[in-house]
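Next up: some structures, all given as structure tokens.
The two complexes that follow have chain A in common; it is paired with chain B in the first and with chain C in the second.
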Partner chain A sequence: MCSSNTGKLLQIAAGMLLGIAVPAAQGAPLQAATGQYVPGEVLVRFHQSLTAAKRAAIVSAMGNAVRTDYRNSWVRISLPTGRSVRQAVADYRTDPDVAVAQPNYRYHAMAVPDDPYFGELWAFQNTGQTVSYSPLQGVYGQIYPTHNPGTAGDDMDIVPAWSHITDCSRVIVAVVDTGVNYNQQDLSGNMWNSAGVTYNGASLVHSGYNFIGNNNDPMDYNGHGTHVAGIIGAEGNNASGTTGVCWKASIMAVRVLDASGSGTTSSVVQGIDFAVANGAKVINLSLGANGPSDPLFSDAITNAENSGVVVVTAAGNNGVDNDSGNNATYPCDFSQPNLICVAALDQSYSLASFSDWGPTSVDVGAPGTNILSTYAGTNATAYDSNATPFTSGWTETETSASSSGWTPWTGSSPLIPPVNGAPVPALTDPSNWPSGVYASNTDDDAYQTVNLSGVNAAAFYAYLYANVTSDGSIALACSPTGGDPFAAASPDYLIAPTYTDTAPTAPSGASFIPVSADLSGCLTTGCTVGLRLATGPTQDYGAALFDLYIETLTLNTSTYNVLNGTSMATPEVSGLAAMLFAFNPLDTYSDVVNAIEQGGRPVASLAGMTTTGNAIDVMKSLAYLSPPTGLSATVH
Partner chain B sequence: MTARQWCGVLAMIAACLPGAVAGCGTGLPPWHPRPAPQAPGARRPGTYVVTLVPGTSAAALASIYSRYGLRSVTALGHDHYRMVLRQDPGPEQVQALAAGDRRIQAVQPDFIYRATPAPGIRHFGAD
Partner chain C sequence: MVTKICFWATALLTPIVLSACGGGGTPSSAPTTTHSVSISWNAAHQSGVNGPGGGYQVLVNGQVAATVPYVSGTLTPTSAQLVMKTGLYSVAVRAYATLDAQGGSSGSYSAPSQPLLVLVP
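Up next, the complex of A and B:
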């Protein structure tokens, strides 16, 4: 016996099959058709030369009955109980007296939500519009210029699906990320109802847990997680902001990344375990790292698999083949069957320039450029070394008179090449970096004061070349009370003292690292942020810091932002997974994974670049029926 | 120069740095991918995730790793513990000590993961 949803699914599937099968001579499928049609009825147009009596005779000979004889030889025909519409249409099409045969399609008002920014949401309805939302927030809030506008129709085909389902709230989707601003106006009504749930002795009063601060407040102090959450489930058709894939949703906020967007195996694994233990059916992981496999992380995804949970993750944004060389990116490159890895497509369904791909690791593509969604608040710049170079406001000290200490650098090197003829400001130790070596046995500090008062969060981003042997170290620290942050008995390390070389090594690409840190412990008027190069007897080539940027976040409930990335493509798929689980609660994780991956739309830019070559397609996934397995036949 | 103009400038820097997929002067838009992080397997210094044999007390960690100054041990559930050492001997040494002790099932670095918005015009913060 079919469930009601299964029946709807079959209707969608059959309607799509019929629509696709209609040859042009028989009349193309009507564009407004939703795929649903009236069971037990077909519409047939006979050739004009036939009389009404002749038409009735043909219908009767087919075992059917004329219900209505319309103008222009159109006849509405009733089928006997149990007769397949699909078969009846096929039968009539073989009759030489028939010009057109088709189902009696149902029509609905198109389910376009009334959210004011819906017109910007090309992923849901690509009309060839130009995405031009402003104001943009922060260093990541950017308009991707390629294919903006793009190609009308290159979208997720979700609008017709909304005629069938918009409410996914029976399915919990865990956003394992930087947290979620659960007060955002488009999210507050779609958060997971965690009433009565406790974790580590704390009542979960904010729809999730914070594994960075180890408390029950998973507020987002970065913006990324809130953006992801809105793509999955910003409340739709509420005349406010944007809509998510699901108009109604149940978003579980799991904070595993700090205000700079960084976390570790231990926080991420805890977050996944928490989500599984508390009933999530879909886990969104818009995060990753290039590097060796991570067994503990892999175990967590296997644990999710054993609980029937679909895990959706980002391919990565290095623009490389994850399957090649040392490019493996995790969790994308894990191989569990409940894991879907997602590449990013632009508005013409080209692979986005930043998107990673992988013929064996990346599964599908989804819209990932110029994605407008909910955001945690407003960003501001507290410090920018390119606007205020290191020559201004920095205090530097050294314990050895022979050391140059940290020195403003405006030299020229292939490692930090000039841009448009202008050198890029840097802070280096030694002063003759990259050719010189630092002094032995010295502690060289440099720090800058920044005003971080009145904001909810701040984060530090920079690029660093570091060549320090193991008898020395390099560290970053901050002090909310000002002064040299390393003068404290227990410095508040942003990056704990570490070394990079086992023997002196000249700077190269291998010593280039991006660094980021959460400054939320330093939200004062006189916060100082600094770095220390501590050296031992062995001399090495030292360090260079450049492109230092400190960004603040002030929370509010009404901000939106345009972001780009496989991070943004991932929640499009998570939302679809939630929709599929909601549409047919009996689906297993493998049903949902198959429907997403195999029920997608072939896209040229993904051919050979992913396991399926498909972009996600909501209507096709809703209609996708997994082929039966385990069947056998006996031939007599 | 405005902050957003700087953004374009810095993306060009990124495209020119060693490890970039394409070289400078290609006329590529600032959206060309920044260089891949040059520290694959980036990990939090001195921090490891240890899986103990079920039934083993976390005190076992002190007996094995106290020589490096055990700053903290935090239970993560499922017999997993986050261990922070004051002096980091490196993953190989930490794993070598674990291999000789039946109380430890596995130990690995605490790898760093990042949110994955595209860096766009400047800054990384993501892979």
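Up next, the complex of A and C:
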């Protein structure tokens, strides 16, 4: 850590002059920066026989001034403005009363923080280490196998930058996500101070707002948002866990995604507007969706632009070109100048296999594989259809005798191919899916009981093929009191009744869709989760549900996890944006965007794949100077 | 007449006399005169430019014609006075700071601003 403390500078200087080892500042090793010295100063050792008065007289006669007297006849001398240090040293060296003359070299701590997991943070310092952190949490907690270990030096070049700035706390960074576990040990001290702020009549006592529950508690019941927040601003050099890009930060928690990681245009836009209205200078959007443009979402980005806010978003994890065909992903593909879209790089700075790219839509790359960061708590699996197939524990009901109802399926189909040679269990309706059609005019239900007591959150994830005409529907629901969740007068729908076909078509050409749902309303010992296929007169090819699992989350303050995704690359850039705003308080959003994009490092894997071809480089961005503008001349 | 010999100097807030160096100028029959030329630009936002060791350089025909260092206060001055002889000049400004891209203090420069053509009658 570079210190601006005068006493420490003197200590360093004295140590150097005496030729002894200089104690490291707060545990960080000091290194000399060769050839870098303080302008306007030299250090001179006079012969021991000279008195202090005589030394001062000699210095004065040369047009200089003694600034500090050290022991053993060393003095620190100030030079007049514009005087060359090199020339002054040369001049003093010719003086017969001078024993030694030298510049006042700069030293700085190579500011590696003391956080115990720092060695796993290859994005910050890639030494060619293997990321092997455990235990991993949840289905998304995984070690990405490619290029682990990677290539030493392929990192964000942040260590030298930490000699100049680590504290970004004057800049509010909004994590618009699944919320943030504001009690996590590495985040609790770096949350936005929302004291005295109200929203919708509620005092904001937890550093943000929850647009899923519409209350003032933006707790994270998924883990994603807490992971993102830690990448931006896990407290650094606190001998605990990990560090973020910023060691000190001001994280605003804005919950717009539920426990399953899903949200809506409405929730996200409200979150962005909230962040802008409450002073965020950087908004992190590690979210997106493939599909048509979303004008209301776009308006929110523009509103942020008009308030001088930088918005950083993820390219997407489908491994496709966002600029091609129907691959457009929003908000990445919006074109506002305050928006930076980020691709993910692996530990050898290859584009991660899952990362989207786009020569006109994606701007920069940043580390996005094997990223260790803070997490909301511990995950557990309450149900896994691959471990406990649909043949066990499922209750099926049909309102028509002609219907086969939901049926366990372990067949072989290109639609659900075997994994490692083993068929993937599915639940299908009709029983002869995918070639048969379902019965008309029936309600077919199937449900499973799971114990979700004693946890803070649970979420449902599955994949679904659905071919249902508009006179029918398919739906998911849960019941905290057990039984058929569709039997209630007002079922608690996880997925509202919907249909997916305009006309019956064989499913062979269809693709499965991921479905997910928040089970926070069903945290009981006898929660039932079920699905219903309701059909009308028209028959269709039905549905198949597979890879169903229910994951729980128990909050704590000390869990970390390894995640992969452009979601993880995005906060690396948001942290850098906050650092730039903190380092250059006069910066506009344009200055910050330019410094990030133009101050990056060219990377072969990003050439032609992004607008810049650059990976972010923190130190280069910090040193980046914008070309002056508004030049005018008047001839008199 | 176009002067072919350039006189470039670095000045600290002191006007200097500049002559055109190739490209442009006035008809050979026109007398060569000198004029005071005020150059101004927008302030950079980077702290390094607006702090000790930072500032701007005025480039005339690609050469450093004046240096405007940070002195005190919030911002480095954003203007310079040059004395220029008759001729056509390309004027640009670049910012500088002590921080370099490796984290040291060997200094760095911005790219030059968009150049401005200045015709001194």
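By definition in this document, the second predicted complex is superposed on the first by the 525 of 636 C-alpha atoms of A that agree within 3 Å, B and C clash if a C-alpha of one lies under 4 Å from a C-alpha of the other, contacts with A are read in each partner's own complex, and residues count from 1 in each chain.
In this text, contacts are C-beta pairs under 8 Å (C-beta built on N, C-alpha and C of every residue); 3 or more make two chains touch, one makes a residue touch a chain.
Note that the structure is predicted; figures quoted are calculated from it, not measured.
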item: Touching partner for A:Leu586 - first (chain B), second (chain C), both, neither; value: second
item: First (chain B), second (chain C), both or neither touched by A:Asp443; value: neither
item: Which of chain B and chain C A:Asp91 touches, first, second, both or neither; value: neither
item: Chain B or chain C, by number of chain A residues touched; value: B
item: Chain B versus chain C as contact partner of A:Lys620, first or second or both or neither; value: second
item: Which of chain B and chain C A:Pro39 touches, first, second, both or neither; value: second
item: Residues on chain A lying within both footprints (that of chain B and that of chain C); value: none
item: Chain B partner contacts - residues on chain A that touch it in the complex; value: 139-140, 142, 144-146, 177-178, 222, 224-225, 227, 257, 260-266, 268-270, 273, 286-292, 294-297, 314, 316-320, 326-327, 329, 344, 352-354, 368, 381, 384, 386-387, 414-417, 419-420, 424, 461, 463, 495-498, 508-514, 516, 547, 549, 563-568, 570
item: Of chain C, residues touching chain A in the complex; value: 12, 35-50, 53, 56, 84, 91-106, 108-116, 118-121
item: Chain B - residues contacting chain A, complex; value: 3, 6-7, 9-10, 12-13, 16-19, 21, 24, 28-29, 31-47, 49, 51, 74, 76-78, 80, 82, 88, 106, 108-127
item: Residue numbers on chain A that touch chain C, as the complex places them; value: 33, 35-37, 39, 81-82, 106, 108, 160-161, 163-164, 583-588, 591, 617, 619-620, 622-636
